[in-house]
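Two complexes are shown next, each including chain A; its partner changes from chain B in the first to chain C in the second.
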Partner chain A sequence: MSVATANRLTPYLFLAPALVILLGALVYPIIYVIYASFLDWNPSQRIGEASFVGLRNYAKLLSDAAFLESLRVTLAFAAIVVSVEMVLGVGLALLLDRNMKGLTVLRTVFILPMMIAPIVVGLMWRYMYHPTIGIFNRTLNSLGLEPVPWLSDSSWAFAAVIIADVWQWTPFIFILSLAALQSLPKSALEAARIDGARGWQAILYIKLPLMLPVLIVTMLLRLIDAFKVLEVILVMTNGGPGLSTEILSLRINRTASEFRALGEAAAMSNILLLVLMALTLAMFLYTKASEARSRRLAAAQEPAT
Partner chain B sequence: MTQTEKQSPAFYALLVALVIMAVGPILLMLATSLKLNVDIMSDVGGLIFMPTLRNYETALCDLLWYEPAGLASCDPTFGRALVNSLVICLVSTALTLVIGCMAAYALVRFRFMGRDTVSLSTLLMRMVPPAVLLVPVFGIWTFQFGISGTRTGIILIYVAMNLPFVIWILQSFIVQVPVQLEEAARMDGAGPFQVFFLVVLPLVKPGLAAAAIFTFRIGWNEFLLANALSDRNTRTVPVTIVNSLTEYNIDWGVIMATGMLLAVPPILFTFVASRQIITGMTAGAVKG
Partner chain C sequence: MPDIRIENLRKAYGDVAVIEDLNLCMADGEFTVLVGPSGCGKSTTLRMIAGLESCTGGAILIGGRDVTRLEPRERDLAMVFQDYALYPHMNVAKNMSFALRLARYPKAEIDRRVREVAETLDLTAYLARKPAELSGGQRQRVAMGRALVRDAGTFLFDEPLSNLDAKLRGHMRAELALMSRRIRKNMIYVTHDQVEAMTLGDRIVVMRHGKIMQAGPPAELYRKPANRFVAGFIGSPTMNFLKGELVEEDGRLRVDGAGFSIPLPAERAARLQGSARRAVEVGIRPSGFTPADGPDALQLPVILAEYLGTQSIVMSEMGGARVTIELMGSEPIATGGTRMFRIEDKDVHLFDIETEQAL
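After this line comes the complex of A and B, so read on.
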């Protein structure tokens, strides 16, 4: 082999291992899950032995009360945690956006809840929610109040998983919106101040509109992640009591491992994937559109300057 | 403007409150892991107790170099899981970095796919929940590759899951390596592989560090796929923790000790490399 051919082949050699792994262990499984959703398949069968049932799995899901309930729980969970976290995270960022010692400490410490294993986060909260030895009921007890059935009552359990998620993920929104705030053009804020915009006015009319692109992307990212939450809830409630906290990921896991209905689990996976695909596409199109707009603006300003 | 302004005490109070809220649960876990069950169950609770390493000794009994005193029997489950977790995460991180770095280098230097393709596939990968991979990966690994229940199987899926992100983040570092440097090396007679391993790799160390932290952490914390793909001997730490939870009577002291051990590496990473972590987390939201 001549040196020239070797050089021409180099990029392919460098790419080959990554390509092989991505195709074999990522693209292939995703195609496989689409195919599997049309099968009546249980874990002891090879996929070739499973019988083809067409859309039956999907039809069954749409009339399955437990699945619909789990879909509702997932949507409610995602909607509530994302809105609460957005309000808290952006609010805190606006409040703390100043030159302050200790802000770096806060930023570092705030990453901790997101870094440690979700399993461990679930463990900590399950311990804190413990009916007798947990810190919440102990505090209520010492104040002379009634203990709360945190994880054993369905509406309390739903609230409890939301609180844990808010604790874990509000920092994400806080850090992103603080970064956005601190990179706002100083000139705009200065101009607003000279024009007499005070406090609320500056926030409402200047800061928030300027932050909006970052805020929207942050919200979509968080929304995507909210649909992926699994371990924290698995450890805290395992979906119970009843179906009150059984989000879609948990339902997929249970359908596959407990009910041994792989075809149905695959169909659920595809429905979840579709929801997430729509969100991701929305995010991608939004970033593309805002990039194009800022390019147009820059181009429009060029001849003027 | 760069100087810190004097702020009212209220803001410092808020700051302190937030720090306590963020760290409180972790400290509570640490405290519980140092307590004997008698102290955990006692009505007083609170901070007055004799700290003991007993729970850690129970969890790690077969890895210790000494025989813990007063331990009736030794359950090797957790020690074995810790070794599994370490091996799986270290190997998958190393593989992901080497393979990802080579791919990123090819994509940057030989330009056959735009950066857009890579960012889109990173984004798409970020979207796919592990739960969606559960069924196909279980099926393929068991029946076609024949590697379910082995460490290799778990390593393979972790490498695949992390590659898009690693390629994406390393690209932005490799773009900054001056081409002249590589050309000079080539003039001196270095082949493409030598250029890559001896010239490019040492220059992108910070990028490698950030990518390594992310890859390691994802494998270290992952539960669902490890649970589906492991057998008795290859379980990772998150899997053993969840398994010990389903038992009727939870031994809070020991389980908190195992949780603490699982939390230590990510906590260390946070304090060593918080800036890189923030960069990685904001990837996608803020243009990298």
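After this line comes the complex of A and C, so read on.
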């Protein structure tokens, strides 16, 4: 081997350990799960003892009412929380994007929920939703109102987990929107004021369109996260009552540990994985497209004068 | 078209006063240029007139109406920003029509105006392009177009040409002068470039450290600078400043300095009565040196000559101080050797050493 070839290979040599770890930690489990989804496998068996059933796990899922319900709950949950969080987060950012005393403190307070461990958030909300000693029902009680069955009624429970998620993740959208707002071209906003735009017109016609690329990526990131949510709901309702809050990750967990159907659980995981990959791909394509666009624009302005 | 009055205008950021007690009156349809070195408060003044910056004190009146506390949109003005401030997500037509669309003009009227302005600014071919797809000069014209389409009572410009290259800047300066003559609106134009100020302004306001040093027509500022700062700021090449002394002899006043002695005429002497033996700063424009022969002519060395075609800029020396001399004529001047000059008393500006005021 010549020195030149050796030189060319050196970087790859340095990258090799990382690549091995990546293969071991990422690719191996994925292949494992894909393989497992073709098996009829229960936890008392070693994987080698499980019988191969082909696509039967997937076929079964498509006609499994509980799984379909869980998929529906997950989609509804993700759609609702992300919509609400987007509106609240962007709204708050628009409201707090100004230089006022005390705002720095306020902004810091706003992002605290995001930094709390999900398990803790779940526990906290469970106590607050407690039917008798929770702060909500105590408050309602002291106002002379009927208590609300926060976690024991299926509609209320669904609302309750949405509220908790909105509380925890609105700050994420808030800080990203705020950062986007503060990087907007100041003079274009001033030009809009001179051109006669009122506050809301500047928001509608200038700020939001200019923030759009960041908002789209933020929304996709949040969607990906909302599909994977687990701990908070696990602690608060464990999927109940009934199947009302049983989002996919809980269903997967239950299928594996309670129903002892590892193959089916693996198939579900793969379906979730497909959804997430579609979202990630959408985000990737969007970023690529907007990068290509700005490159094209940059190229277009070079020659002419 | 209203006149604009600024009364005792003040601006402070925290404890730092940026504009102090500014008073200014701009007549109807006048092209006013605010000029001064960077950081003197020109933009701040303009932005307070625009309503983009709050006033710490004082009042701004447009057409007799107190607009000090009004929003920009209530002041009937258009503005061109230094960085053009185009809306990046809108194409040229949308950029230009934004104000009209907000004001709910009929679509046909909007189209007509945009097309008309685009025509005069040579932008018709670019109406569908976004700002990022335009060159600097084109963007600059879009910014101008956006202001023109408005047909506002007052136009504000904050260094609109400073991001262009020299050639384009000269071209746009001429276009702007033509345009201002045509539309005859109130124009307030901020620049740090005295050439722009001289060529564009009906009236020039020279600012320094947030104060007005002098305001007046270009020729007045050039011929009768009120103080040393204005004298040094207006005119290119810059005025020469030399140390001098007023001397009275046989009832006649003259100014003496290292290497020169210039008699002053009687009417000037009358104004300077009793100032004899007083140290002054003597200002002489490069064009104030006239080639001359004779016994009382000054003999000055040609240290360096820059040939510019119709004139040459000569670097010379007078009593140990560097002086710049502007010589008209298309004949190149050889570096080295000496030349004879005379300084007319009308070309001599005198300034108080302490107050820097013209004497």
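Rule of thumb we're sticking to: the second predicted complex is superposed on the first by the 287 of 305 C-alpha atoms of A that agree within 3 Å, B and C clash if a C-alpha of one lies under 4 Å from a C-alpha of the other, contacts with A are read in each partner's own complex, and residues count from 1 in each chain.
Methods note: a contact is a pair of C-beta atoms (placed from the backbone, for glycine too) under 8 Å apart; a residue touches a chain by one contact, two chains touch by 3 or more.
All values derive from a computational prediction rather than experimental measurement.
**Student:** Following superposition onto chain A, is the placement of chain B relative to chain C best described as a clash or a fit?
**Tutor:** By the criteria stated at the top, chain C and chain B fit after superposition, with no clash.
**Student:** Would you sort A:Ser294 into first (chain B), second (chain C), both or neither based on which partner it touches?
**Tutor:** After superposing on A, A:Ser294 lies in contact with chain C but is clear of chain B.
**Student:** Which chain, chain B or chain C, is in touch with more residues of chain A?
**Tutor:** B
**Student:** Which holds for A:Tyr58: it touches chain B only (first), chain C only (second), both, or neither?
**Tutor:** Neither: A:Tyr58 stays clear of chain B and chain C.
**Student:** What is the contact status of A:Pro185 with respect to chain B (first) and chain C (second): first, second, both, or neither?
**Tutor:** second
**Student:** For A:Trp156, decide between first (touching chain B), second (touching chain C), both and neither.
**Tutor:** After superposition on chain A, A:Trp156 lies in contact with neither partner.
**Student:** Let me test your reading of the model: by the given contact rule, A:Phe136 touches which partner, first (chain B), second (chain C), both or neither?
**Tutor:** So A:Phe136 meets neither chain B nor chain C here.
**Student:** Applying the document's definition of touch, where does A:Met283 land relative to chain B and chain C: first, second, both, or neither?
**Tutor:** first
**Student:** Is A:Pro209 in contact with chain B, with chain C, with both, or with neither (first, second, both, neither)?
**Tutor:** Only chain C is touched by A:Pro209; chain B is not.
**Student:** Taking the C-alpha centre of chain A as the vertex, compute the angle to the C-alpha centres of chain B and chain C, in steps of 10 degrees.
**Tutor:** Vertex chain A, arms to chain B and chain C: 90 degrees.
**Student:** Go through the superposed model and pick first if A:Ile194 touches only chain B, second if only chain C, both, or neither.
**Tutor:** second
**Student:** By how many Å are the closest C-alpha atoms of chain B and chain C apart after the superposition?
**Tutor:** It comes out at 7 Å between the closest C-alpha atoms.
**Student:** Of all the chain A residues, which ones make contact with chain B and with chain C?
**Tutor:** none
**Student:** Taking the complex as given, what residues does chain B use to touch chain A?
**Tutor:** Those residues of chain B that touch chain A are 1-5, 7, 11-12, 14-15, 18-19, 21-23, 25-26, 28-29, 32, 40-41, 45, 99-100, 102-103, 105-107, 109-110, 112, 120, 123-140, 142-143, 156-157, 159-161, 163-164, 167, 191-192, 196, 217, 220-221, 223-224, 228, 238, 241-242, 245, 252, 255-256, 259, 262-263, 266-267, 269-271, 274, 277-278, 281-282, 284-286.
**Student:** Per the contact definition, I'd like the list of chain A residues that touch chain C in the complex.
**Tutor:** Residues in contact with chain C: 185, 187-188, 190-198, 201, 205-206, 209-210, 294, 297-298, 300-301, 304-305.
**Student:** Which of the residues in chain A come into contact with chain B in the complex?
**Tutor:** Counting only chain A, the residues touching chain B are 6-7, 10-12, 14-15, 17-19, 21-22, 24-26, 28-30, 32-33, 36, 41, 43, 46-47, 92, 95-96, 98-103, 105-120, 123-128, 133, 135, 138, 167, 171-172, 175-176, 179-180, 214, 217-218, 221, 224, 227-228, 230-231, 234-235, 248-249, 252-253, 256-257, 262, 265-266, 269-270, 272-273, 276-277, 279-280, 283-284.
**Student:** Can you list the chain C residues touching chain A in their complex?
**Tutor:** Spelled out, the residues of chain C in touch with chain A are 50-52, 71-73, 77-79, 81-89, 98-99, 102-103, 130, 132-138, 146, 150, 168.
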